[in-house]
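Labels for the chains are A, B and C, by order of writing; each one numbers its residues from 1.
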Amino acid sequence: MSHPRPTKSDRAMKNLKLQKLLFYGLLFVMTAIYLGPFLFSLSISFNAEQDVFSWPIKLLPEEWTLDNYQRVWQDLPFGTWLLNSVTITVIQTICNVFFASLAGFAFARLDFPGKNIIFSLLLASLMIPGIVLLVPKFIILNEFHLINTYGGLILPGLVSVVNIFLMKQFFETIPKDLEEAALIDGCSYFRIFWQIFLPVSKPALAAVAIYTFQGSWNEFMWPVIVTTTRDMFTLPVGMAFLKNEFSVQWPLLMAGTILISLPTIAIFLIFQRYFVQGVASAGLKE
Amino acid sequence: MKLKVKNKEQSRTAYLFIGFPLLLFSIFTFFPIVFAFIISFYDWNLLIPDKPFVGLANYFELFQDKVFLIAIKNTVVYTIGVVPIQTLLALVLAFIMNQKLRGRAFFRLAFYVPAITSSVVTSIIFVWIYAKPGLLNYLLSLVGMEGTDWLTNPSTALFAIMVLNIWTTSGYFMISFLAGLQSIPASLYEAAKIDGANQWQQFWKITVPMVRPVTYFVVVLGLIGCFQVFDQIYVMSSGGPVNSTTTMSYFTYNNSFKYFRLGYGAASAIVLAIIIFGATWLQKKYVPSEAY
Amino acid sequence: MATVQLNQLKKVYDKDVVAIKGADVTINDKEFVVLVGPSGCGKSTLLRMIAGLEEISGGDLMIDGDRVNDLSPKDRDIAMVFQNYALYPHMTVFENMAFGLKLRKYPKAEIKARVEEAAGFLGLTEYLERRPKEMSGGQRQRVAIGRALVRQPKVFLFDEPLSNLDAKLRVQMRIEIKRLHQQLQATMIYVTHDQIEAMTMGDKIVVLKDGVVQQVDSPMNLFNNPSNKFVAGFIGSPSMNFLNGTIEQGNELKFVAGSVSFGIPNELQLREKLSPFVGKPVTFGFRPEYLYDKSTERQVQLSVDMNITIDVTEPIGSEAFNYFHFAGMEDQTYCFRSSSANQYQSGQKVEVGIDINRLRFFDGETEARIA
């Protein structure tokens, strides 16, 4: 019978507890940093007090009110902006889902002359910084009289190469025999796409939809350039305009920011899995 | 014979399927790329009907334009400041997220929220935070420090926007790193433990090297994003004060859509594109993208 | 000296899932001990507890007389070879083997010497600058062994190291590891699910099932004197035949199972051991290799005879495995081994005998060995 060694174990236990404490403390601080700004924005949006700069700055308002939200709808063309954003985003999302999957299918499953060249070109275009395209796109749209129109806002973003790439990658993982069985059964390629590939691609389609939605809803630079009158602003553009015009009315501004953020946060909460999946797989080798 | 027929049908279908995207691509990407070059050689002003060919005049003017040079400097400083910190922070966050903890989904959401909210929204909130009587200075006062008006002070404005961007995008890249971390087999860490590595050593000798492909991806995306930063500049500082936050993309925007000097703006965009290509080419050449 | 002692070692996961129930095993210096059992029996868990990769819920783990329950793996002076090698893919073979020594701050010269020696020993000298992905499975396994070798630990732990190799390579590596053991004279604990591997490699074998140590013994003892039905059926290939029946007392003590009936011989104290089981369920165990065809093979002095009907014969070259059933019990198949000189037809009736020394009886309820 030998005596158990007392040395390392006790110290190890204490170290472990301290480590755990530090860890959760760090986690708490980080969460506060990342969520804090939104919590304050939320708080100010409900604040009846218009002066948001009086110290001490408190997280919970002393006087609650919904006035700010009311004013956002009444005093500003928020409704118009909302309509614009929704129209553009919905159209772009639907079109992207449909056309990107269609094109992705073609690249994944069909053989045609020039396939590789075209695909390489598309991929290469991803390397072009968006900034270079701004001026020429603007001039082109101008020629077609599409500046400050829905057309100008929607058309350039109708189908994104990234989405085509995503769908192609996904379709390539579907076993070939599914398609071969359908061919023997006499399906046209469109049928195969519509009735066989699409139904099993829900996760990929969801990812495309969510990304397009988020990108379209939050898009700023292009709408800023393309719109010239207030009634054509999208929500982000409208908010930026607000900030410049109503720069001291913080509760109003904050109410606006919360309203704009609601759709994307709601969608993110509901479809969390797909967001995480898509971003994650983009960074890994296949 | 049969094979040819099948291919014809496939080709026809394929062209039909990719037709529309290809059309859009030609009009809004391919042609514009070429067009951008062409415009940069013209004095193309939207308001003036006369658009003479000026050759490389725009480019010469750019490099003598004080504001442009400042913009280059700002953009480079911005990128060099943001990319490394944002990458490291994302990796650390992912490492934390990868540990066993309760409510992991909640924390993952929390760190990711800034990445999915509109840049305008976060910019506006931070204008409030950065104001002289705003939240940041209030918090600093609680620990006895005095803060400046972050966005109107020329020496702090760019820095303030950099911090905002790191805060915004680190959550996005955290997800990428998280996936990378989860693909490292647990047995590697076990072998390292038996070999005698502590947590710190495991992180640097196993985690960091194994996650290199993701790091590469995050850095490339980070570079491309930083070089083109625009939204926050527009909303928070309009390039000021005293051009201290004028980045190259903001410069392009200003000249193209405020002063309507489209040719000049196009030229500045092309210079930016060349810089971006240079940076990514350098990275490809000198930084390994594979873990092993 | 490197002895390992497990005293009532227990492993409980949260929610009261008991993975290891009070294991007692003694591993002597220089012994090659194999932990074997079916999937989920807890052998890997036990090994990992010895390594320090799993926390010990109860009992004592002693290495050389010191209780090491709370020591981290690196302080236990052990080295481990993983099933999927766990080589650091971004390091060269040299760096992989040197890693542990580097962390322990060994001088460069010594690291170089040890690594080169181990590499020479394992035939890896020309691969030192390669990366794992450029090497075959067998080579990678050698690197994993090399990584353990250079550490010169008290105990070597192997976690199913050969499972990922093809059959031929497996046999080759088995011999090499055994040879390694002979040359190093080190204490080795080896986990496998393959009982053939266990039998051919171990000085001592620990048979596990559902977290409980069934028997700890030498290979031959496990084969000849299994302590219960599980061990009897687990060790030996093809496995032991089992026939469930009862003991009946008529004119003489008999074993009866359906159409099979034979008297219990007086020798070997069989009657004393089995008479308490009159009327109780008893399982009769007999190995395929010990049945012989009474008509063609030499009569063993004392044997018990049975009548069987052949179903299928599987010739495998020098021998054949013959599958048969007993009359009236067509749905239960048994096996006996014969030399290929005898060709049996399906439906053929054969009278077989078995030396009474080879009879094994197990309690029908507890499965413990009776005789």
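We take it that a contact is a pair of C-beta atoms (placed from the backbone, for glycine too) under 8 Å apart; a residue touches a chain by one contact, two chains touch by 3 or more.
As the structure is a computational prediction, the values presented were derived from the model and not from experiment.
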Winner on contact count, chain pair A-B
Determine, using the mean of C-alpha atoms as each chain's centre, which chain is farthest from chain A. C
From the C-alpha centre of chain B to that of chain C, how far is it in Å? 59
Whole-Å gap separating chain A and chain B, where each centre is the average of the chain's CA atoms: 15
Distance from the mean Cα position of chain C to that of chain A, given in whole angstrom: 57
Hunt down the residues of chain A that sit against at least two other chains at once, touch-wise. none
Residues of chain C that touch two or more other chains: which are they? 72
Junction residues of chain B, two or more chains touched: none
Within the complex, chain A is touched by chain B residues 7, 9-11, 13-15, 17-18, 20-22, 24-25, 27-33, 35-36, 39, 44, 46, 93, 96, 99, 101, 105, 107-114, 116-129, 131, 133-135, 138, 141, 167, 171-172, 175-180, 183, 213-214, 217-218, 224, 227-228, 230-231, 234-235, 248-249, 252-253, 256-257, 262, 265-266, 269-270, 272-273, 276-277, 280
Going by the contact rule at the top, pick out the chain B residues touching chain C in the complex. 185, 187-188, 190-197, 201, 205-206, 209-210, 212, 291-292
Quick one: which bits of chain A touch chain B in the complex? Just the residue numbers, please. 23-24, 26-27, 30-31, 33-35, 37-38, 40-41, 44, 52-57, 99-100, 102-103, 105-107, 110-113, 115, 118, 121-122, 125, 127-140, 142, 155-156, 158-159, 161, 164, 188-190, 193, 214, 217-218, 220-221, 224-225, 235-237, 239-240, 243, 250, 253-254, 257, 260-261, 264-265, 268-269, 272, 275-276, 279-285
Chain B touches which residues of chain C in the complex? 51-53, 72-74, 78-80, 82-84, 86-91, 99-100, 103-104, 131-133, 147, 151
